[in-house]
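Each of the next two complexes has chain A plus one more chain, namely chain B in the first and chain C in the second.
Our next item is the complex of A and B:
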């Protein structure tokens, strides 16, 4: 029959379980948004099913991988899959960066009367276009008076700069971990992995602290387009760092279990790629959200 | 390595579990195609409602709000539920067999890409039964209609779009991995059949555009529920920003729906012209150029919205550029037929009709692409006529052509040619009765998305509606032809039901075995079956 080492897996229940989980999560969430009492619990149930699915599905893949079923071709398919998945994530962030650039370069100046827009001064007397947009046109309208939504800006060269250093260092430590893995230095590998995770967690801790500051200084999701872009960009990034840190922890656990060899460790590399992606997105955030 | 043993004892499961647990590319392709057909019927039923209301002037059947729900859901269901899944279904069936692979690269992910869809469709359709009704802001869901003024069901719509986008991204990743990694080792990129090429390029459009759609609906979600101001001018945002982000997704989206159709036509025309495809490599480059251009022309949907003049000019000229590679394609198709020995079996009829009708849609697209002219045409029935000529007589035509062309290979049985010809002429005439008068309505100034109209538009609307009912009915016959072929079709007497057909898929036994290629085809075989002469 077959003289080629193609790998075609058995049928599986995990995708349909995943679909049920993710749909339950979304239906629960949508109901929660409209104050339906069962929305929250149903959302929690959906989330639980998704986590269950992830454990089951990835567990199967791990067992097959450790069992030596996969060949080089499967490994390459995983590599293509992971790289283009990361690219799609980049495009997701691109939508929010696009919104930031559009607001900053076009819509806010236009609101301030740029581009021969004669109507703004009539509609919102006293509105001045500036970035960051500390006072929105709506805030003026609501009070009939001067600016009222003011907030203090986060200083780029405080915590954000420190966080940049932390994430960049974690990119270095995970590369050291990879070298250790390739050279079979197990203890060094574990040490560099622990360092990477610690840097990631530290980053998240500082990010939470900084959110606390920003909130205390009056910056809210509802503070207009600056708050919208600030919180959604940094929030989605923080979420990706959290996911990345969880994946790194799983990889550390698998290292302890002895799942990886110096040649065969795609799961490690895939997570490392993801970690670098999170790193690069942060650089974009640091430059365009905090610094410039 | 235990794959040999693995393959032997591993056939399809029995009953429903075969479909739920499916990891086989053909099983999943079948699921996609039947799902797409079911959605086509649902979306078509909504269209019948729209045309029934528009049969006569005045309001007869429904209130305007429900009419708006029909147009919105018709568009969403046809785009995300019918055309896109049908194209992915064809990709699943065909790509492994065309590149000499046993299956898709990531079979479990393939299952997930499909099984997200029914849930997403359920959530989307369920909005009809919610308080305030289904989304009623048009399939383009412009802010602030979809943010400040939308019904509660909009949040369900948003999550349904997230799921549909997730499905498309996973499907695209799978196709890229299959084409780049599962291709027979002896097959070079420029040996690949055009359906594979067009789908590979489409996949890059999907993974570039769908995440942006996810982003824009996420902004809608937070604008609606968490007080952000992306699309709210009082907060420094801009509803026009919504349109820019939406159409950054939306324009590649239209090529996502048509590029695989180009691939299909590039297979059918050579077979029934008994000549190799004219200009194989220029077809590949033209497809890639169209895909690239599709990312940088999005604002031609927004001439009437308002933009700096320089931007309007840029988007207009960039849009005109698309006519060049598209012209290359149409030229090549015609040149393929030039001096060929043409016969007119049903797939060829559909392909030929695609060529004429899609080109009409392309020309009306050019008219719409000219900024000063578009100010007149914008949001009229001319636009409706234009995109139905490219989507119905373009994408859907290619899907039907592909079904009739490859079904005999898939199931090893021939469809009823006589019925298929009757179906073709029925659909072909009725679709023109349906959509052609809409050009006139649009040029005369009838706006789109309205349940009532001025009296001077009555005659053409009546004609259009009659065409719509006839066209809608034709799909019953189509379903019968397909089911009849699968159940009672006479067995094909050769591995090539179309003896002039080329391509690796025809070298497999009929019906195609459960695992397509266990052994990759040889270089000689690949060259023998390739599309370049």
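Our next item is the complex of A and C:
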């Protein structure tokens, strides 16, 4: 399409396949949570349909883009689409950081009597209005054996710092990849992309080790507000790193196919921004969970 | 010390936002703005990490690994 008129996409069956896939996925997941025997398999089927839809739909878009049938208007709509997706991601993480802030800075001190003059020293046995909230009623490890909050884990030079170094390094390598792409240095681009993906995968490996360690120390999702916020924030972050690594792999594949030029590479830009975003989220996590 | 760390973090977020605006604009100018902003954001992030480690080494800040005595 050579003109710059509003682009009307052709008819496609991918949206309905996506709807069926997502519905099947969640019906399966809901039943899995209720211990229904067919929950797991149905969820797996739904996930398979979603993956099939993603390959099919995005593959169609890639082919159309490479085929040169998109105009500037389509380019703009991609950029806006990415921006709204990013907005939802920012809000998503803002909610969890907000929960951490609320629990830590407001609700726990309130329970300790701050601001409302209500002194509650014996709210429950062993209660201390301090962060992390180590003793919570009904939490795993209570009943005399208070769970520890994994004090070894938060050693400044331990796994969290190593993981931060790894993720920040991947931020550096993707910046070099970006530079190489803009200057048409194909081999350097591929090498930096491979390094970025490898660092991301290494991060995930260490994160799994860290979870094993934390779980062993008695820190669970059910260990009160500290455990919940810790796992929700780091867990969803890890999920985002996984998605980012998959997207980077797709971009690497497309680079090898020669889909991008030094002037025209929006797909790379979108994924690079996403990777930088995930990197910043981790930096925020590292600072607020482990340091400040 | 906390304020310095938070201020750097805010500047990092600002650079990331600036890169987003560059990406949204597109074209040669937008692409340039995006790349430069992302370069600023990673440079500042690496600096912040090194600073954090150095501050900890010097005993200026302590990680959350000790039980508050409150």
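What we mean here is this: the second predicted complex is superposed on the first by the 257 of 292 C-alpha atoms of A that agree within 3 Å, B and C clash if a C-alpha of one lies under 4 Å from a C-alpha of the other, contacts with A are read in each partner's own complex, and residues count from 1 in each chain.
We take it that contacts are C-beta pairs under 8 Å (C-beta built on N, C-alpha and C of every residue); 3 or more make two chains touch, one makes a residue touch a chain.
Everything numeric here is computed off the predicted structure, so don't read it as measured data.
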Chain B versus chain C as contact partner of A:86, first or second or both or neither: second
Contacts of A:287 with chain B and chain C, given as first, second, both or neither: second
First (chain B), second (chain C), both or neither touched by A:172: second
First (chain B), second (chain C), both or neither touched by A:263: second
Which superposed partner A:128 touches (first chain B, second chain C, both, neither): second
Chain touching more of chain A, residue-wise (chain B, chain C): B
Chain B versus chain C as contact partner of A:277, first or second or both or neither: second
Chain B versus chain C as contact partner of A:76, first or second or both or neither: both
On chain A, the residue positions that both chain B and chain C contact, one per complex: 76, 80
Partner chain A, residues of chain B touching it in the complex: 1-4, 6-8, 10, 13, 17-18, 20-24, 101-103, 105-109, 111-112, 115-116, 118-120, 122-123, 152, 155-156, 158-159, 162-163, 166, 169, 172-174, 176-178, 180-182, 207-212, 214-216, 218-219, 222-223, 225-230, 232-238, 240-241, 244-245, 248, 308, 515, 518-520
Sites on chain A touched by chain B in the complex: 1-16, 18-20, 22-23, 26-27, 29-30, 33-34, 57, 68-69, 71, 73, 76-78, 80-81, 84-85, 87-96, 98-99, 102-103, 106-108, 110-111, 115, 133, 136-138, 141, 220-229, 231-232
In the complex, chain C residues that touch chain A: 2, 5-6, 9, 12-13, 16, 19-20, 23-26, 28, 31, 34-35, 38-39, 41-42, 45-46, 48-49, 52-53, 56, 61, 63-68, 70
Touching residues (chain side chain A, partner chain C) in the complex: 75-76, 79-80, 82-83, 86, 112, 128-132, 134, 151-152, 154-157, 161, 164-165, 168, 171-172, 175, 178-179, 182, 263, 266, 269-270, 272-273, 276-277, 279-280, 283-284, 287, 289-292
